Structures are given as C-alpha cells and as structure tokens.
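The following pair of complexes shares a single chain, chain A, combined with chain B in the former and chain C in the latter.
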Partner chain A sequence: MTSTVQAAPAMTGTPEVHRGFWALGWRRLKRDKVAMISLVVVGAFLALAVAGWFNIIGDGWRKEVAIPYAAPSWLMQSAEETLPPAEEDTTSAKSSAPIVTMTQAEDPIGKEVALARQNMGKYASVETPLRETLPFGADLRGRDVIVKTIKGTSTSVFVGIFGALFTLLLGTVLGAISGYFGGKVDDFLNWFYSVFTSVPDMLLLLSFAAVAGRGIKTIIIVMALTSWTGTYRLVRAEYLKLKNREFVQAASAIGASDARRIFVHILPNISHLLLVQFSLLTVSLIKYEAILSFLGFGVGVTQVSLGSMLAEAPAELVQGVWWQMVAVTIAMSLLVTAFSLLIDGLRDAFDPKANK
Partner chain B sequence: MFAYIVRRVLQMIPTLFGVMLLVFVLFNVFGGDPSLVLAGKHLTAESLANIRAQLGLDKSQSAQFLIFVKQVLTLDFGTSWSTQQPVSDIIGSRIGPSLLLTGSMLVVDLLIAIPLAATVAYFRRGLTDRIVTICCTIAMSVSALVYIIAGQYWLAYKFGWFPVSGWSASAWHNLWYYVPLPMLMGLMVSLGPDIRFYRSFFIEELGNDYVRTARAKGLSERVVMLKHVLRNALIPVVTTVMMSLPYLLIGALVLETFFSIPGMGNAVVLAVNNSDFPIIKAITVYIALATMVFNLLADLIYKLIDPRVQLT
Partner chain C sequence: MRLRALALMAMLTAACAASALAAPDPDKVLHSSFNAPETGYDPAKTSDVYSHGVMENIFEPLLTYDYVARPAKLIPLIATSMPEISADRLTYTFHIQKGIYFADDPVFKGKKRELTAADVVYGLKRLADPATGSPSNYLVLGHFVGVDELAEKAKNGKFDYDAPCEGIKALDRYTLQLKLKTLYPALLYVLAMPHTSPVSREVMEAYGQNSLAHPVGTGPYILKEWKPGVKTTLVYNPNFRHVVFDFHPTPGDKAGEEVAREMNGKTMPQIGRIEVQIFTEEQPMWLAFKSGQLDELYSIPQPLLRGVLNMDPKNPRRAALKAEYRKAGLKISRVLDPEMTYWDFNMQDPVLGGFSKEKIALRRAIAMSFDTDQTIRDIRRNNAVRMLYTIPEGVVGHNPNFRYQYEYNRALSNALLDQFGYKIGPDGYRTTPDGKPISIDFVSDASAVGRQWNEYWQEALDSIHLRVTFRPVTFNDLLKAMRSCTYGMVGAAWIADYPDGENFVMLNYSKNIGAENTACYDSPRYDKLYLESQKLQDSPERNHLYDEMNKVMMEDTPWLPGETRFRNRMMQPRVLGDEVHPIFQVSWRFMDIQK
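This part shows the complex of A and B:
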C-alpha cells in the first residue's frame, strides 16, 4: 500500500512541471470562493491586529474624545432639536470685569500671581471640546468605540495567534517525541496527557489563572500549558503512522539523526494538518480569551480586549447604551465565522482524502 | 469483562496521582505563600507562623504533598480559606444547582438536536438541510457571552418574561422559574454545534449498505429511519454524551456566574477570585475522578449497546 503511494508520481511519468504539495493545495483553495473571501477577511483582521500591536492604529483608544456614552452619530437626533435652545447669556459681559480688592503691591502673593499669569500660556492644556456624537458612539469614559474595538480585536487576535503558536509548538514537540520514540518515553508522555485531559479545559485554565495572575503574557502561557493535548494526540498518531514509512527508513539508511528525521523528514508531511490545527486553536483561544476576560481573569485593567469590552456591556445596556456590545459582536462574529469557513476550505484543499 | 474493568480501574491510579501532583505543584510550589493573604491586616510574625503551622506550610514540600494525598484519599479537603466552611459542605451544597441547570439543559438539547439532526440528514442537501446548517453557522458565530448579555437584558429586563437572575431553595420552583432563561441561553450556544455533529453521525449511517437493504425489502421509510438508522446513529451520540457528563458537574461556568446560580461553576470563579486554593484543589480532583469514571462507563455502555465493539 505504502509503496504504491510512494511510486505513483514516478509511474505516471508526465513531463508536466512538477507542482509541490502547497502549490496544489493553493490551487484547490483558490477555486473555493467561500474560502477565498474568508481568507481576505481573515487577512484584513490580521493586518489590523498587526497594526494594532505596533500601535499604528488604535493607539489612542484611551483618549477621551466625547461625552460619556455619546451616541452613534447616525442614530442621534441632533441635540438642538430635542433640547430647548440655550438662553442667550447677556449677563456675562457685565460680570466679566475682575473684582479688584487690592493692588499687586499690597497682595502678599502678588509676585507669584504675576509670574503665574506670565507663564499661563505655557502650561495651559489645549482642551479639545468633547464631541456629542461619534461614528459608532462612545463608552462610559467617552472613548471612541470604533478605536477601542480595533484595539480590542488586535489584543484578542494577538492572544489567539501567539497562544495557538505556543500550544502548537508544545503539542507538536511532545507528540513527535512520543510517537517517534515510543516505549517508555511514550508511556510517560501519555500519562502526562491523560492527567491533563482528565481535568476540563476551563477548570484547568482558571486554576492556572488563579496562580499566575492576569495579563496578556500570562494568558498566552496559561493557554499553551492547558490546550496542547489535542495537538499532542494528533501529532503522535501521525508520527506513529509515518515513522515506519520508506522515506523515513531511507533517511535513516543515509545516516540522518533522530532529530533530523523527526523535524526535517516527517514534520513537513504533517505541516498541512498543523496549519488546520493552528487555525482551529486560534479560534478557540480567541473565544477562551473573551470568556476569561469577561470573568475578570484575562487582560489587565490597562488593556482592552473583546472580552473585557463585553464585560462592560451589561452595565451599559441597562442605561440603553448598546453600541459597544454591537460593535464587539460584529467584530467577533465576523472574525470567528471567517476563520471557521477558512478552516473548512483549508481542510478541503490540503486534505482531499478526508473528503467524503 | 471483569478483568477489563479491574485493569481500567488500576490504570486510574497513576492518572489520579498525576492530577494530584499537577494540582500540588500548581498551588503549593507556584502558588506563592497563602499565609500572607490569610493573615490579613494584622500581620505579626507570630500569627504568620501560626497560620503556616495550621496549613502545614512549615513542613517540607514532600511532607506537604503527603498531607495532600491523605486529603484526597479521605476526600477531606479541610476548610475554605475565605469562609472557613468545610470544603465538602460547600461542594455538597453547590452540586445540586449545577446538576439541575446542566442536566435539564442536556435533556432538552438532546430532545431537540437528535430529531432535528435526523431530519436534516434525511433531507440531505435539501432546503431544510441548508436552512438548518446556515442557522447553525450563524448561531455558532456569535459569542456565548453576547447571548447571555443580550438575553438577560431583553428577555428578562425589558420584556419581563423571565427573572433577571436568582435562585431559590425549592428545586421545582427553580426548575420552572429560574432555570428556563439560562437554559435557553445555553441551548443557543450548544444546539448549533450539536446538531451539526449529530447530523454527521446520521449521514454516515444513512450511507451504509444495510439502509439500502432495508429499503429494498420494502420497509417503510419510517421504519428504516426509526428502527434501523436511529438505533445505530445513537451509538456515537450516547458515547459523546457519556463523556460530557463530568462537565455537567462544574456546571455552566459563565451562565452560573452571570445569573447568580449558586453552583459549582460559580464556586470555582469565586474561589479563583479569592485565591481560595482548597476549594479549587478539591473541585479539580473530584472532576478528574468523575472524568475517569465516566470514561470507563462510556466504554462499557458502548460495548453494551454495540456488541461488535471489542474492549481491549
């Protein structure tokens, strides 16, 4: 069975340009319209996220630019229509003359006052007037919801991507070692695996969070330490299957070391599975991050993520402020849906044998 | 069969030991010194030493681990650090509400998901199938948190159809008064993936030869679906449900926190917030035990309903 698979390309003997595995997969993916659209959306989110990490956009999310809970501008009936026009202030001109009780010479702090007056211009803060409305409203502290959502999405994607990366690294290395070497090492790692799987993910996450505190780095580490089991099982099974194939035996015949066989010869053969696994992990970690932050064990108070924004929603809704929740919901649903559809597409394109 | 069960039970011992080791390393080695927290504002060297002695922190790490092992074996985890209640009392009082919520949620979920999954699998690629699949995808794309927040606000606060949150002492009152809204929100989250998952089981069964044979011998579609396909498709469903049972114990964490249901999930969140390690340790060990037992039960039931399965 294995020999026919290996020999197949040679037997066809077509003079065509030989296309690599990834090129073929990419060609199949390009034919899938849904997957391509999802790829564009996911790409846009990633670009947004990277821009957010380097503070190119979304940096000013902390700035107070509008009145608290400023409404979206497309919703707001302008304030002049609803409120009675403010009365013309006629008295101000009369009262504006300063009341002089003593001259500067008599005043004990006269010198200081004069100095202060001189320097007033230097230290005066430029007060920009707070806006009544914003394109998508503002939160309790008058921060722009759009900017905040961009920054929050960026944080969530950061946690998702890097959490998935470390999870994948941990799971792949352990799985590869376990499946490749077998024996005692496999038994030990299997025991490790059964320990981690006997505790539900969320409980494990919370236990780690209880000990480790909060903050973006902590969540990423905690997620990697708790979610590696799925990848481990997948990679281990693949290595068990692949380690006896001819190409690995050939590699060992020419004297390739174990490490070289594991990472150079076998690993590329499961890279497409790892890509799918990576996307799956990213989506689930973004969801986990939202829940953790919502419960208050996620990002710190000076940071913003989609979960921490949602945590503000219940208190806002009671006051009729719904725009922040809607903004987060749109951002998150779009991201999750596009990612899930992309995963389906990737699976179809790179693992055509799995199709039924 | 008996030998199999014995072997599986024996296999649980190293796993349980591993869980204990994990929990111990996590909370006693990395968890920091809890006596500083417990001593509170009136911190004296004397009271600190006193608390350390009470918790056994003055002993060596290995001696502390032995104490923990003893706690697990006797299932006596001492008292909560924040309320001084015995941990077993807390867990005992918390498990009921969790099971009431998640148990009823599971029953309703199965009652809706299985018939729907069977129907859409039967009309595969038809309009019904497409509508249900699209609805599931849309439902799955929205975060669970959004359902809970929006559901509580509109259904409970605005329309007043449900209580906003709360719990009472009477189980029946809870079931028809407080449970429906959290359950509805939980179903919004769980139905989408479940229907799609069960649908794949039914589609797999419908492609089998025995279905064609049953049709060829002139059985009505009703009999084919209800007697032949349903029974076979339910095998993986039963195993999946069995495996998910331990998760019922920790309850729906977010739902319980949000609707102030005094269940296990709520207790976990509270304990994590208060750094109440005895409670987290106890719950983790109990859930790990339950997971192992239910995995074994799942395999046994699998064998029972599908005699073709070989237990190895």
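This part shows the complex of A and C:
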C-alpha cells in the first residue's frame, strides 16, 4: 500500500503580516486626525509636566520678580487717579513727645541681639529691583504668572496621572478579585462598593480631604480612595464574563494558579479598557484636584496647582486683575479638551465594540 | 482719627411728651447690609457684632455713647443722669427715667408696660443665670455682691430672681443700686453694652427658649420679621418716647458737623422701616450697592478697596472716593476701628513657648523676619496702620509715642539664631540648641485669604531656615485651638467692647488663659502691673502702668503686633446723618433718608 504524504497546502500570495491587537489599534488611531493632534498636545503637556517634576522648568515660581499685580507688558495702561497733594500735616506737630520703647538694657536678650548685629553680615542679601510689567503679568506677590502656570500645570498633571494610576490599581485588583472569585468575596466587595457609591462623589472627596490634611500625596491617596468604584464595576463585569471562557478553562486545565489566571490570562484581555479608563480618570482627577484646591483642601503653601491658582481668581477679578485666571483657563481647557478628544480616539481605536 | 480734646457734651435732649408724637414716615425704607449672618436678638445670649448691631436699635441699656463726640463719650440713656457713685467707688445708684414704655407685645395683653428699675435688675441677673448660658456672663460674674452665690445655687435648680441680692437691687420703682465686691473701672462702659439692657421678665418667661426671635425692648425700633441668616426687618416702635436730635460735634469735626446740620431738630427715629440683608459673598454685596438696591454698604470689601478708593501709598490715613463714585454722589465714612490684629506665639508650646533666653530669642527672630509693612500693602491694600501699642488709637489709654515694634531684619534674625545655637542642619533647616528638629505648628484660617497669609509666613520662615507646617482649619476650630493652647502660632484680632484700655490689657492677664488670653501668656510681672492698673481710673499713673505692661510684653515676645484696620462705610447720596461710630455697629436710629 502505497501512500503519499499529503503535502501541506501551498501558501498563496504574500504572507499576511501578523498584526497584534495593539498594532491594529494604533493603525486605527493613526487614521483619526483629531486624536493624533490631541496626542501631540497631550504629549507636550506630559513633557512639560515631567520637566516640572524634575524642576527643570518652573522651579523659580516662588521668586518675587515684579511689583504686586504687575500687568502684562502688552497691555495699555490707563493713568492712575491720584490724590491731591497732602495738606500741611498739622497733627504730626503734637507728636513731639519722646518715643517710648523697650531699651536694650531692659531687653532680656539685649546683649545677644547686639552681638548678633555684628555677625549679620554673612546673611546680607542683595535686593533685585522689581519689574513693573511681565509678559503675562504677575500675581499678588509679584510672581510671574507664566512660570506659575507651568509649575501649576505640572502639579495638576502629576496629581492626575498618579491619582489615576492608584485608582486604577485599586479598582482593578478589587474588581478582579470580586468578579473572578464571586460568592461571599463578591458579596462583601459589592457591599463595600454600594457604601461608597451611596455618598455623592464630591462630598466623599471633601470629607476624606478634611480628615487627611494637605499636600500632593494626600490628594492622590484621597482621590484613589474615592474614585475606584467606576473601575471596580467595569473590571468586575469583565472578569465575570471572561472567567468561564475556554482559554481560561484551558489555563486551569494545565494547572495555572488563580493568581496566574487573574493576572496573566484574563488581565491582558481587558488592558485596552483599562487604558481608556486611565485616560478618563486622569481628566476627571485633574478637575477634582482643581476643585479641591479651589475649596482650600488642596495643595500646601509651597506648592501650586491650577486649582490653587483659580482660588486666587475671584479676589483678583473684582479688582480687574484677569491675567492669572486667563492663563489658568487656557492651560486647563487645552489640557482637558485635548485629553478628552484623545480618549475618544483611543476608545474608537481599541474598543470598537464599545457603545459610545 | 486721633485723640483730640474732649468734645463738647452732645446730648439727645429727651423730653417726655404725652401727645403729638411725630411718627416717622413708614414709606422711608432703609436697605442695609451685613457681611455675615447674625445669631439672634436676645441681649443675653448673643455676642456677635451683627446681632449686636440690630439690638442697638431695639434695646436700650442704662447708658449709651454720644453719636458725634470723638473719642466716644458716655451719656445717660434710660437713666436720668450719670450715676451717683459712693466715695469708695463700690456703690453706684441710677435713677431711671419715668414714662419709658416697652414696645407692645401680646404678652402684655394690650396694656402699656412701663420700664422700671426691676427690669434692669432682671436684665443683669439674667446674664448670671446658668440656664441662660450667656457668653457675656463675665460682665456680671465675680463683680457684684451676692450674684455669684445665686448663680452657684442655680446650678442644681432654678435661678431665684426673687431672692434678695445686695449687689443688684431696685431701691424703688425708679431707682437702681449696684454694689461691687471689688473695684470695677469698666462698669459704666459695661452698662452701655446692649447685653446689659433691661428686658421684661414676663416676655422672657413667656417665650422661653425662643427668646432669640422675640426681642421686646424700649428702643426706637421693633423686630417686624426675621429670616435667620437672610433678612431682618425692623419697623419703628410707636411707644418710643419723644426725642429730638441735638448734636454738638467738636468744632472742626467736619463729619460731625455735617451730621448735626442734617439731623438737628428732627425727632428720633426718622426712618420708618429698615431692611437688612445678609451677603456672605463680597461681590454680590458690592453690585447690589452699586446698582442702588442698598442704601448703605457695611464695609467696602477688601479686594475692592483699590478700585473704589484713591489712596495715598505713603499715608494710609489719606483716602478719597474715586472720581467715578464721587461724581455719582456716593458718600463714605472712614474711620480707624478700635481694634488690633496680632500674631500669637503659644507660650505653652514645647517648641516656641517659655521664658528662657533661647526661647525668647527664637520668637524674636521670627518676629523680626516678618515684613508687616509688606502685608499691610499687599493683603490689607494699605487700608490699615501698624499697631504700635497694645491699646489701639481712639481707645482711652492709647500712647501714640510708644513703639511696640521689632525691626524687620532677616539678617539679624539669622545671626541671632546662630548666636543661641540654633544650627542649620544638613537639610537646610535649623535645629534646637540641643540638636532636636524644629517644626512650627501654624494654625490658620482655611480660606483663600488665610492661604495668602500663609504664603507670606512661609517665605519669612524659609528665610531664617525654620520649618513650618500649616494647619488650615475652620474659624470655630481656630478659636478652639487658641482657647485650649494647642497650637504653635496663630493670627488673632480683637475689637473693643468699650473704648477703655482695660478691654485690651486684659488680653494678657494669666487668669484669662482658656478664654481671651490666646497667647496663653502667664507672666507674674505683667499680672502684677495689670492688677494695679485695675484699681485706677484713666490717669497718668494708669497710662504709666500701661507703658510698663507694653514693655514687659515686648521683652517676653508673646505677640508680634500686626495692624489696625480702617472701616469704610459707604452710603447713597439720599442717606443723611450716617457716620461710623467707634463703638456702635450701625447708625440707623440717628439717620434719615430722602425719599
């Protein structure tokens, strides 16, 4: 019996280049012009932010370089009204009595002060003259609004990105555990979730912030603690859906542990969702940070963020000092708009089935 | 405003007229504003300036102040004259005017209720009653014979208002006698505060816990409507006696002369109805005033000052309305408030407190690193002058020639800290002489303005290499921290209850720790001088003691003095007779308005 070995079917045409999910997504994204422009803008902001974190730019934002509320140089200044010259001050004549004050002999540390006075030379500082105008004006303390905005944007982006990362981490881990194991664990975490979502977001955020104090780190933690619920719900649903799929059962058949199945087998399959979620969170956390700082719960005195700059705006606007608010508005709206458009593009590209 | 020669005695000529009371025109309505909500209108239960302002028009204490005399000067109100005072200054006898009637109220069942000495007694004892829970009980407790014992007994039951009490008693229907345990130089001022006004016992017992909403007094106005925190409406009291304005300002006092010209010969009150609105936001208040919806603006909001006023950058006392507003006929009354702001160092704080030389040096270095002139210019918009004495201008006992001031010199601050061994560590911050890290617990107001102050302080403390942590809290928590001495540094302010130095020097008396002594300053030297000054009336001897007390404080450095602010009340052109009084919160009862 002769038999011939069946030849393998011949390949026809050029071989199809294997394209992964991410490469396909990227190709879809590249076709979207709006998304690409947004990507460039967001990229520029990120570069700015990173430069800000490492104090490459915006480091000197606390330096007082101009007079308080120095106007933008390109603004036409109207002449200030002035008071008529002072009349002869008749009241000062009566203060001919000698001035009374604590004398050096009476001062318990008088001798030491006198000694210190001889040694104060090494702390002498050079006064730099303050400028009358700046390219985009100055704030109350005479700080350059442009430098301040750059540093503020950097802080806001930092808070947004790291806040989103932590939120995502918390939401994903809890969602994965909940969805994958189900049962009592799921019930418990669901109860937890319900408690958190029963309180309005902003109230929850404010109450956490009121307890936690100030500073960038606390803001990030507070935001992660309050914003994880959306991601949790999404991830839990995905795990519920995916855990009984064939590839997971196959993994379990070859003896993969629960942890391996959760993180190695299922997680990559929802990573595109997480990317979109991450971008969404970043935008909303940048906004939350602005609100928190505006209400006085935000960054500390040595830091500046877009929100803390906005908090100064109401008092400035009634006096006609608009430049700081305009600078923040431009930075903030550009960033948030670009980011949002990018998210739209990302969702179209990586999650085509998503119902917008 | 400077201390001037005493003004001529200006009095409201009060005559009891049985008939032909000239009622004010009910169509004359004054729209006024406050910038924070009031608590209510029971003289014993409230202590905020806004409730105070409304109550000035409803209740009448024994004494009051002349409206135009500067500095503020006491005159009798429901008393026929100033009291007869015994030689040992421990017994005061007042005669109450006959024919003063309370405003009508359902409690009086349609009968007219005359004011008697017993009502004054009741009003005073009520402050001591623990059931009232009065924040002003310190005005009465500890001063009058027999009152503390009554209050003590009432802790486990009811306050016995009928029990005989030697300290506060009515000798007859129109005569009141007050007997003191010890000297009480501020007593006459206290008897001009709305808190000590007579109230009717029937009314207070009928309304009980609801007394905040049912003020019944003898003053020119009655409460018509009250929406807490939103709006208060007053209408004139038809039972109010016949009073004709007759002001005699000091010659040369232009504002006072204008008041006299506009008001003399008219009867009190002229305005039939007063509507007070609360604006917690500055901008809407300003816009309402600018558009003419408000006749009177309580004060120009701080951020607007430079836009509304033309100020002399070198002399904060010189300011005028900008041409735009002057042309519209708007008027302004601008005076220095009898107040001061200061920075407290907590004298019980482990980092900053204490009387050792090195701790004094630490506080002194901090004081010398802060540029008060800069914050007056930037934050206060030049609407303030430096506080250079612990008693502000316009208050009896102020010394314009004293300089309670530490020079602003950061280099010297640094050198002084070096001198005492506060070494700069590798992290750039100083440590204590024995090498422990320093961190100043700075409690501040959690508002945008609070943050501004923090920025200036951060910069100052950075310049002398001291680490600071800011703790922004709400106003109530701020007060709590100050009263319980649980902070390192804090900003404080004090406005006169009455224009006497006693009201200010008591801020540092050690027995007042836990209350007004927010620096928690406990100095035997200061206490001794204070107790001596308590025995004296206004005199060169007392002024000398005040100077000594200022020096003691300057040496120990529990305070860094701040500033005294101006109050800027604005009015529409149709408002007449309106002038800021240093003690009165509002001037409504002395004013008129053109329809």
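Just so we're on the same page, the second predicted complex is superposed on the first by the 289 of 356 C-alpha atoms of A that agree within 3 Å, B and C clash if a C-alpha of one lies under 4 Å from a C-alpha of the other, contacts with A are read in each partner's own complex, and residues count from 1 in each chain.
In this text, a contact is a pair of C-beta atoms (placed from the backbone, for glycine too) under 8 Å apart; a residue touches a chain by one contact, two chains touch by 3 or more.
Just so it is clear, the structure is predicted and the values come from calculations on it, not from any experiment.
Asker: Now for A:M202: first (chain B), second (chain C), both, or neither, which partner does it touch?
Answerer: first
Asker: Tell me the contact category for A:P68 with respect to chain B and chain C: first, second, both or neither.
Answerer: Only chain C is touched by A:P68; chain B is not.
Asker: When the two structures are overlaid on chain A, which partner does A:P314 contact: first (chain B), second (chain C), both, or neither?
Answerer: Touch partners of A:P314: chain B and chain C.
Asker: Please work out whether A:I37 is in contact with chain B alone, chain C alone, both, or neither, and reply first, second, both or neither.
Answerer: neither
Asker: Can A:L140 be said to touch chain B (first), chain C (second), both, or neither?
Answerer: second
Asker: With both complexes superposed on chain A, which partner does A:L165 reach: first (chain B), second (chain C), both or neither?
Answerer: In the superposition, A:L165 touches no partner, neither chain B nor chain C.
Asker: Looking at the overlay, what does A:G300 touch: chain B (first), chain C (second), both, or neither?
Answerer: Touch partner of A:G300: chain C, not chain B.
Asker: Would you sort A:D107 into first (chain B), second (chain C), both or neither based on which partner it touches?
Answerer: second
Asker: Name the contact category of A:M332: first (chain B only), second (chain C only), both, or neither.
Answerer: A:M332 contacts chain B only, not chain C.
Asker: Jot down the residues of chain A that show up as touching in both complexes, chain B in one and chain C in the other.
Answerer: Dual-contact residues (chain A): 296-297, 314, 318.
Asker: Can you tell me which positions in chain A touch chain B when the two form their complex?
Answerer: Residues 191-192, 194-200, 202-204, 206-212, 287, 290-291, 294-297, 306-307, 310, 313-314, 317-318, 325, 328-329, 332-333, 336-337, 340.
Asker: State the interface residues of chain A toward chain C in the complex, per the touch definition above.
Answerer: Touching chain C from chain A are residues 62, 68, 81-83, 86, 91, 94-95, 97-102, 106-109, 112-113, 115-117, 119-125, 140-141, 213-214, 296-297, 300-302, 308, 311-312, 314-316, 318-320.
Asker: So in the complex, the part of chain B that touches chain A is made up of which residues?
Answerer: 14-15, 18-19, 21-23, 26-27, 30-32, 137, 140-146, 149-150, 152-153, 157, 246-247, 250, 253-254, 257, 268-269, 271-273, 275, 277, 280, 283-284, 287-288, 291-292
Asker: Flag every residue of chain C that touches chain A in the complex, lowest number first.
Answerer: 2, 282-283, 286, 301-304, 306-307, 310-312, 315, 318-320, 322-323, 357, 360-361, 364, 377-379, 399-405, 409-412, 414-416, 418-420, 446-452, 454-456, 458-459, 470-472, 547, 551, 554-556
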